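Letters A, B, C, D and E mark the chains as written, and numbering starts fresh at 1 in each.
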Amino acid sequence: MYKNFEVIESSLEKIKEDIKNFYDPSKYHFITINAIDLGNGKVNIKWFFAKYEVMDKPIAFSVDATYEDTIPSIVDIIPSAWLSEAELADLFGLNIEGAKKGLFLEPDSPPAPLRRS
Amino acid sequence: MAWMLETIAILSPIIGGFIYGFERVVKARMQNRQGPPLLQPFYDFIKLVEKRAIQVHSFHSMMGLAFFFATWFTLAAFLCGPNILVGLFLHILALAFLIIGGFSVLSPYSVMGSLREIIHLMCVEPILILVAVGLFLVTGSWSVRDILSYSGLPILYLPLVFIAFVLIIPAILKKSPFDISEAHQEIIGGPEIEYSGFFYEAIYTAKWIEYVFVFAIVFLFTGVHWWLGLALSLLVFLFINALDNSTCRANFHQMIKFAWFVLLPLAALNIFVLALWRYVI
Amino acid sequence: MSAKIKSPWILHYNCGSCNGCDVEILACLGPKYDLERFGIINKGNPKQADIFVVTGPVTKRTRARLLRLYMQIPEPKVVVAVGTCACTGGPFRNMYNVENGVDRFIPVDVYIPGCTARPEAILKGIKKAIEIWKIKTKESIEVPVVIQKEFEETLSKMVLHGQTVDRRKIIHDLVNKYIKNNLEVTKCD
Amino acid sequence: MENKMIVPFGSQHITLLEPVRFIFETENEKIVNVDVDVGYVHRGIEKACQTKLNYKQVAYIIPRICGLCAMSHALAYITAVEKILEFDPPKKAKYLRVLVHELDRIHSHLFAMAHVAEAAGYENLVMHLFRDRELAMECLEILTGNRVQYDYGCIGGVNRDLTPEVEKILRKKLKKLEDRIHWFKDLYMNDYTLSLRWKGIGVISKEMAEKYNAAGPVARASGVRTDARAEFDALPYRDLGFEMIVYKDGDIYSRNLVRLDEIFVSLRIIWNILDGLPEGNYKEEVKGLPKGESVCRWEAPRGELFMHVRGDGKQILTRVRVKTPTFSNIPVLRELFVGANYADVPAIITSFDPCMSCTAR
Amino acid sequence: MLKMFIESLKNLFSEPATLPGIGTEAPKGYRGLIVFNKEKCIFCTKCELVCPVDAIKFIYPEDGSRNLEFNYNPFLCIYCGECVRACPKDGALIQTNIVPEPGTQEDNPNEKWFEIERRAQESKKKWQIALAKKRQEALKKAKKQPPSDKKGSKK
């Protein structure tokens, strides 16, 4: 299933803790957060990291959630994540703590366009 | 010769237009481009007449026109008047119209441009005055007519003043490295941003007159030898353009520092030595 | 007048393109193609521009800005849509945040196809635009396409009531209304 | 007059190609606060790639995210799909991909440098950079058939072979280009006004770059050793003499130098490819439908491009996610502005070489 | 600075880099206009299928024959060349190096094309019905008498 990256399964409650223990700014590069709609209101969220300068597989933290869940923000660990979080909040309509909506979408754009419907 | 200065003053928009057109060609060639035709400024002129003018408010538009006429009048006063200092003070007045116009609209770029224009004024005018004083010390007269009939070569007595003046020309003509108030990439033309059509034309043409103004001052440095003056002007013209094309824009701290701590002392030193030599020894 | 066509100043706006065509417009200003030899200057200022060069499909956020820029350009003016995506929406046609070609909003005079449009094609297109521009005068009134319907309705209503008609004012008011309805998220000054 | 002034920068502005909007609160031309709006170009490409287009068509729409690194977007997507299909493209195709990608980098870097010079008001340098950039553009045009949108890669290899005539022209032009780049290097090292304007301006320290996860030349100019070409095994960079360029100062000046030096590296890689192009097919048939998830990290001219693709065994993919270089650099850009001088704003922005069209997609 | 100063003066007296006229012709391999050759086409509609932007539309004839009308919008095409690569018949679809001409309001790339798209969609439905009918008739005929005439276009 995962062809060329490693996945560490986690859960909504643990994810922040996990990333905090894992992330070392001088060693890892935070890439982005991505969500995949699995259908039926379920969504899979992945946090991607990669090592500096070494040819190695990227590492992803994976969490399954539903659209109603509140997703913890990691901005206090990784300050640059606000943009990715705002994007997900906008395009998937996820409830991410502290992420502002309306970064990309206008009032008359379809709400949460990347959800499967 | 008698009507020469008056004719120049009256025809200055046309002469300036040619200088500006020539400059654009030279500039393009320096950038290894073909460049516009020589008459391009006049084509622009005609085009602008045919554009509808959108006025922000009438006072602002009036300031644009006032700037043009004041600049023209400045040149006339400078060339034909009894005292070049009057011309220089009028020059400040003309720029004041532009600045007031710039402040009178809401656009932040215009306001910022006007603020920067004031800084330009502060850098340019002291040096212009020193130029006038220097010329007076050499020729003993404040009037252009007398200076132009001076049989010596003022530039020989005023080398540092001349250098200071040449180096401040970019600030007068808004050229790199001192094109701060116009700074196309930062504030899109600064105080002129809100003018359009006919009123922009006034600003555009006033700029041409400034060219005549600057090169008239260069002329003064050679006294009666007007052939030399022509050669000197051409040289200065080339130098300014090459400089324009080989520097990037300084910021305004750097410009003030350069004008006040380098150029002004330079010019002042020249005048001081000259005054000592003339009146004390 | 023939002198007029030798001095078109362009204003360039990117309303959501991929940058491909914008880069080519800049390349046109470079030494190899040198638009300035035709008297063309890239003015960053709508109030002093004649030719409005638009690239990109209109996205929902740029449409109000596009209209405002169009209105700020004094007549006579022409609009050139550069690139497939400005002509019809091209690769972005019917995406959810895209309103397709520029001519859904403002009247376009010249369409330059190509993805990306070659600099030669852009030059040709601009020359064509100048031919069209030559005929227009400062009295010509152009109605942005989005408000055309409302404009005609308002006009006929006013004529019916015998009111004096100032077309320019009507257009202005309607555009302002449109812009207000589609205000950008962040306001300026 | 009040002290504080709100200066909008964009969305239409002469130094910016693209609509992006910064709102600066300034005090005597010093910036005290910034607000940034990057969403002007949001078009919804990801959605279209997941609903309308089949996975082969996506390869032609995805480069339209952004023209300047069109090649990177297309190849990153293609690589990601090939990884899902567990297909290894022929060696010749890989070499040709590197060739076009590096040519793309050269023209993009020259463009970026011209952009910064323009923001500094150095028009002549802009013109010279543009003139010599045309050499790279001509190379790309004869090689791929278009000046910006190359559409050169396809799933299974590349669309065109490198013919001997084209190779001869490439060699001639690149030789000329190399001489010119040496000239520029000399100019950049010795120009007094440039250093006056760029040295010590817009400094990003190494810690800041790591904290805010800057990418690409911006990070490398601050001393962070990161380059997806060395960190991801999509293309045979190791055999081609790749070398990472890192500077320490983190100001506008070093960002320019990083780009300039990377052009040399690219040129060396290109020479190596032209001299040692392997024999074989340039395209092979790919069978099967994508089923699974893969990622691709790709060093676009502006930094790390990241693709995350998931297919469920259908013609149409389930998810295509593009994380673009500028997207990574926006946070650090925002931090950088506070305290900067308004006069330096265009230079700082352009030295990041921002591309909003991929940030918002 | 000095270097550029000298270069500027040098440029002043040398030939400018500007191309004369409107510029060069597109090179041989340039991906320009798509040209359709009706004689060679076998109307497999593969090109319509692969086109990522739907710049090719076939309008189907009402009688259910294979005599399709090819429509192509140069203002929508992104010149990717995918249709040409997909075409099974050599020379039916060629990508020339002609740079597409700029159009004016008369060309009207949008409304005209919307009309074609509408017609294409409608005609396809009608065509399918007609084809089905024809097949049935052919089947009936085949039952009555031994096959002498294949389905296909005669006109």
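The rule is simple: a residue touches a chain if its C-beta (ideal position, glycine included) is under 8 Å from a C-beta of that chain, and two chains touch if they have at least 3 such contacts.
Note that the structure is predicted; figures quoted are calculated from it, not measured.
*Asks:* Please give the intersection of the contact partners of subunit D with those of subunit E.
*Replies:* The common neighbours are B, C.
*Asks:* Counting one step per pair of touching chains, how few steps separate subunit A from subunit E?
*Replies:* 2
*Asks:* Which chain's mean C-alpha position is the greatest distance from subunit C's?
*Replies:* A
*Asks:* Averaging only over C-alpha atoms, locate the centres of subunit C and subunit D and give their separation in whole Å.
*Replies:* So the centroids are 29 Å from each other.
*Asks:* If you average the CA atoms of subunit B and of subunit D, how far apart do the two points sit, in angstrom?
*Replies:* Computed from C-alpha means, the inter-chain centre distance equals 43 Å.
*Asks:* Using mean CA coordinates as chain centres, what's the gap between subunit A and subunit B in Å?
*Replies:* Subunit A and subunit B have C-alpha centres separated by 59 Å.
*Asks:* How many Å are there between the centre of subunit A and the centre of subunit C, using C-alpha atoms for each centre?
*Replies:* Comparing mean C-alpha positions, subunit C is 39 Å from subunit A.
*Asks:* What residues in subunit E touch two or more of the other chains?
*Replies:* If we look for residues of subunit E contacting two or more partner chains, we find 1-4, 7-8, 16-18, 26, 30, 52-53, 78-79.
*Asks:* Spell out, as numbers or ranges, the residues of subunit C touching 2 or more other chains.
*Replies:* 31-32, 34, 37, 44, 60-61, 90-91, 96-97, 115, 118-119, 185, 189
*Asks:* Residues of subunit A that contact two or more other chains, please.
*Replies:* 102, 104-105, 113
*Asks:* Go through the chains and record each pair that touches.
*Replies:* Result of the pairwise touch check is A-C, A-D, B-C, B-D, B-E, C-D, C-E, D-E.
*Asks:* Given the complex with subunit D, which residues does subunit A contribute to the contact?
*Replies:* Contacts found on subunit A: 1-5, 25-26, 29-32, 34, 36-37, 46, 48, 50-56, 58, 60, 78-80, 82-84, 91, 102-105, 113-114.
*Asks:* Considering only the defined contacts, which subunit B positions touch subunit C in the complex?
*Replies:* Within the complex, subunit B touches subunit C at residues 24, 28, 31-37, 40, 42-44, 46-47, 50-54, 106, 108, 184, 188-189, 193-197, 200.
*Asks:* In the complex, go through subunit E and note every residue touching subunit B.
*Replies:* Its residues touching subunit B are 1-5, 7-9, 11-12, 14, 16-18.
*Asks:* Quick check: in the complex, which residue numbers of subunit B touch subunit D?
*Replies:* Residues 30-33, 108-109, 111-112, 176-177, 179-180, 183-186, 188, 245-252, 254.
*Asks:* Give the list of subunit B residues in touch with subunit E in this complex.
*Replies:* Touch residues, subunit B against subunit E: 26, 28-35, 238, 241-243, 245-247.
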